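Here is the structure we will look at, set down as C-alpha cells.
As written, the chains take the letters A, B and C, and residue 1 is the first residue of each chain.
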Amino acid sequence: MDFKDGGIMDRRREIMVGLVVVLGIAVGVVGTIWLQDGWGRDRVTIRAASTGVGQLVEGASVKFRGVAVGRVESVAVVPSGEAVLIDMSVRPDLIIPTDAAVLIAPESMFGDWQAEIIRRDDYDTHPYLDYPGEGVLPGVALPDFSRLTATADEIAQNLTTISERFEVAFTEETAQNLGRAIDNLGEVSDRFSEIINQQAERFDALAEGVDASTRELGAAARAARVSFERVDAIVADGQVQKLFADAGAGVENLRNLTETMEASLGDLQTAARQADATFARLDALLVAVQDEDGSLGRLLADPTLAEGALDAVAQMRDLLRDIQQNPRRYLSFSIF
Amino acid sequence: MSIRIVELHKAFGPKEVLRGFSLEVRVGATVAIVGPSGSGKSVLLKHLVGLMRPDMGSVLVDGESVPDLGRQDLARFRRRVGYVFQFAALFDSMTIAENVGMGLKRLPGWSADRIDHRVQECLSLVDLEGMGERYPSQLSGGQKKRAGLARAIAASPKYLLYDEPTTGLDPVTTSVIDELILRMRDELGVTGLVVTHDMTSAFRVADRITLLHEGKARFTGTPAEVRAARDDVLRGFVEGDPGLYYGLQGRGDHGP
Amino acid sequence: MLDFVVRPFASAGRGTVRILGSVGRAWILFAGTAGALRHPGIWGPQLVPQLARIGVASVPIALFIATFTGIVMSLQASYTLTGTIPLYFVGALVGKTMMLELGPVLTGLTLAGRVGANISAELGTMRVTEQVDALETLAYDPLAYLVVPRVIAGIVMFPIVVLLAMTVGIVSGWLTALQLLDMSSPEFVKGLRLLFEPWDVWFAVIKSVSFGAIVTGVGCFYGLQTERGAEGVGRSATQTVVIASMIILCLDAFWAATLL
C-alpha cells in the first residue's frame, strides 16, 4: 500500500514537474541572453566620447566597414556635462585600427542610429571630441543631414570618374557620367531648397551666423553656371548640348536655393574665396581649352590640362565636404 | 465525567439553533442524541471537536474547554476524538487505505509499515478487508460509512462521534452499522456520542438517549425510560406522530 | 413608512458590510496561509502533485493560446505597419507585446479559468461533503494541507508556464512572418532585438508570480467558503473566475504603472 514514498506515479509526476520547470527557466534565461546580445560570443567593451549622440540609444548597432560587429551598451553624459560616453560591446576578435574614431549617424531613414568605427584619417574633417582617458575613442555625431551629404559625396565621386575619363577620352560614356553627376547636383540642390523652405523660420532666427559654405554654395552656383556655359560654347555635339541643358536646370535650382537663402539670411554678397578659387580654376581650364584650339581634341592631347581638371574636381570635393559639415549645424531633419 | 456540555448557545444569523443545551456523557457509555433533521444535532457534534465555536456556554472534554484550545492543543486533542461523518467524507482522491491511514501519518512514531498494519486492522474491524485499494467512488453507501468509521478509529480514539451513521442505509446495513457501534464500545471501550433521527438505531446502540428539541435537551434517559416516558414531544418523535410532536407547542408554528 | 428613504442607505450599508466581510475573510485566509507555512510536514508532500496539476497540466492550453496569439499578432502587426514603417517592426511588436502583456495576461486569464475554477470546485466539493472538516478532525490544518501547496504551486508554476507561452508565442509569430509575410529570419530577429530589454522578461515573471498567487488564492478562498451543495460549488467556481480575472486586470494595470 501507498504509505511509502516514491510510487511510480509520484516519480513520473516529479519528473514532469522537473522537466517543465527546467525547460521554462532555460527558455527564459537562454532567450534573454540571445535577444540581448546575440549568441554565445564573447564581447569586449570599447568606449568612445563625443559631444552629442543624436538619437543613438542603448542597443543600437555598432558597425565596422559597414558590417554589424556589436551593440551599444550604454550612453551616458559625464557629470561635468562636457561629453557623452558611449560604451559598445563588440566581437573580441575585431582588430580596431590604432587611429580609430567613432562616427555616430543614422542607420536608416527610420530614426535608428548606429555607431560606426572608422579610421579618423578617412574622415578627418569632422569635429571629433578627444576625451582624456585610456582607450577612449574620439567620436562625433553627424546630424541627420548626413543623408544629403552622402549624395554630395557621390557627386564628388562621379566628378572624379569624369576627370579620369578626361584623361583617356571624352566618350559618350563620359558624357553620361557627367550628366549623372549634374543630375545628382540638381537633386542635391532640390533637396537643399526643400529643406531650406521647411526650415525657413529657423533660418530667420539664425540670420546672424550663416555658415560660409552656404555662401560658397551660392558662389559655386554662379561660377558653375559660367563654367558650364563655357563648356557649352566649346562642345557643339548635340548630346553634350542636352547634357548641359540638364546641368543648367540643376544649376538653376541651386540658384533658387541660394536666393531662398539670401531672402531669409540677408547679406550674402560676399562669396567664399574657396569656392571662387575652385571654380575659377575650372573656368580657367576651360578658357584655356577654348583659346588653344576651340576643340576638345586639344584637351585630350594635353595631360596637364587633364591634371588641372582633376585638381579642380578634388577641390570641388573639398567644398562638398564642407557643405556636409556646416549646414547640419543649423538644420535637423528626421523622419521620426 | 468525560464530556460535559453546559448551556450551549449557537445561532447562525437570526436562526438560533442551540439555545442552552446541556449534556453529560460518562466514560464508556454511548449516548444517542435524537431529534428531527435540522434541529442542530450535527452543529452540536461539531462543537465537540472545535469545528464550531459556541456563542455562549461551555464544552468540556476531559476537563479541557474545547473552544479555548489553541491550534496546537486542538490538534493534539483531536487525536483523542474520532468523527464519523454523515456521508463519510472520504477523501475521494485517495484509496480507502490511504483514507484510513491519513490521520496516522500525522502521529509521531508511526512508520509506513506500522500504518499499513493498523489500516488493515481497522479495515477488518469494519469488515472491509481487501477493499483498501479501491477508491471511495467504487464503494456502496454502507461501505463508505464503514470506511469512514475505520478512519475514525484508526488512531484509537477515546471518543467517537457519529453523525447520522445510519441515515440513508437499508435496514440490513443499518443493523450492521449498529453492530459496529456496539462493538466499538464493547471491544475498544470507546465513549460514543451518536447523533441520529433513527429511533430504532438509537434504541439499539445507546445507553442513554437525549431528545434535542428547540435547541435544548428536552428529555434524557435510558432506552427503557424513553419508552416509558409520558412526555408528549418525546412520544411524538419516537412514535413518529407529528400531531403529538408539534401539537403542544405554539400553534401554527410547525417546526423546522 | 419612510421605507423608501431608508432603503438605499440600508442596502449601501449592507453592501459595505459584505465587502468588508469579504476583505476580512480574505485577510484571515492570507494570514492563516502564511501561518500554515510553518507545517511543511503537511503541505510538503502535496506540493509535487499540485505543481503537476496546476503547472504541467496547464502547459498545453497556455501554449495553444500563445501559438495563435503569436500568429494573430504577427499578421495584425504587418497589416498595421504599412508604407513608411519597415516590416521588421513586426518582430519588435510581436516580441514586445508577447512579453509585456499578452504572454502573462492571456495566460493568467486562461489559467484563472482552468486552474482557479478547478481549485474552487475541488475545495468547494470537499467543503460541502465535509472533507475539509474531516481533515481538521484528523489534525490536518486545511490551510496547510489544501491552500499552501496550491498557492505555492501557482507562484512557482505560473512564471514557468508564462515563459514557455511567451517563447512559443514569439516563435509562432516568427514562423508566421516567415511563411505568410515574406519576411526573413534576420529581419524578424532584428526587430525582436531592436526594442528588447531584459527587464521585459523580469516584468513578465513578476506579473505572472502575482497572477499565480491571485488565481490560486482566490480559488481557495471561494472554494473554502462554499455552502449549499452542488449549486454552491458552481457559484464558487464562477465567482473565482470572475473575481480572479478582475484582479488580474487591475494588477496588470498596477504593475504597468509602478514597474514600467
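The rule we apply is simple: a contact is a pair of C-beta atoms (placed from the backbone, for glycine too) under 8 Å apart; a residue touches a chain by one contact, two chains touch by 3 or more.
Fair warning: this is a prediction, and the values are worked out from it, not measured in the lab.
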- Query: Taking each chain's centre as the average of its Cα atoms, which chain lies closest to the overall Cα centroid?
  - Reply: C
- Task: Name whichever of A-C and B-C has more C-beta pairs touching across its two chains.
- Result: A-C
- Relative to chain B, largest Cα-centroid distance belongs to chain A
- Taking each chain's mean CA coordinate, chain A and chain B are separated, in whole Å, by 93
- So what's the Cα centroid distance for chain B and chain C, whole Å? 42
- Note on the structure: Distance in whole angstrom between the CA centres of chain A and chain C is 52
- Task: Going through chain B residue by residue, note those that touch at least 2 other chains and give them in order.
- Result: none
- Could you pull out which chain A residues touch chain C in their complex? 10, 13-14, 16-17, 20-21, 23-25, 27-28, 31-32, 35-36, 59, 108, 110, 112, 335
- Item | Contacting residues of chain C [partner chain B, same complex] | 41-42, 126, 129-131, 133-141
- Item | Of all residues in chain B, those that touch chain C in their complex | 46, 49-51, 71, 75-76, 78-79, 81-83, 85-87, 89-92, 102-103, 106, 151-152
- Interface with chain A, chain C side, in the complex: residues 48-49, 51-52, 55-56, 59, 84-86, 95, 156-157, 159-161, 163-164, 166-167, 192-198, 201, 205
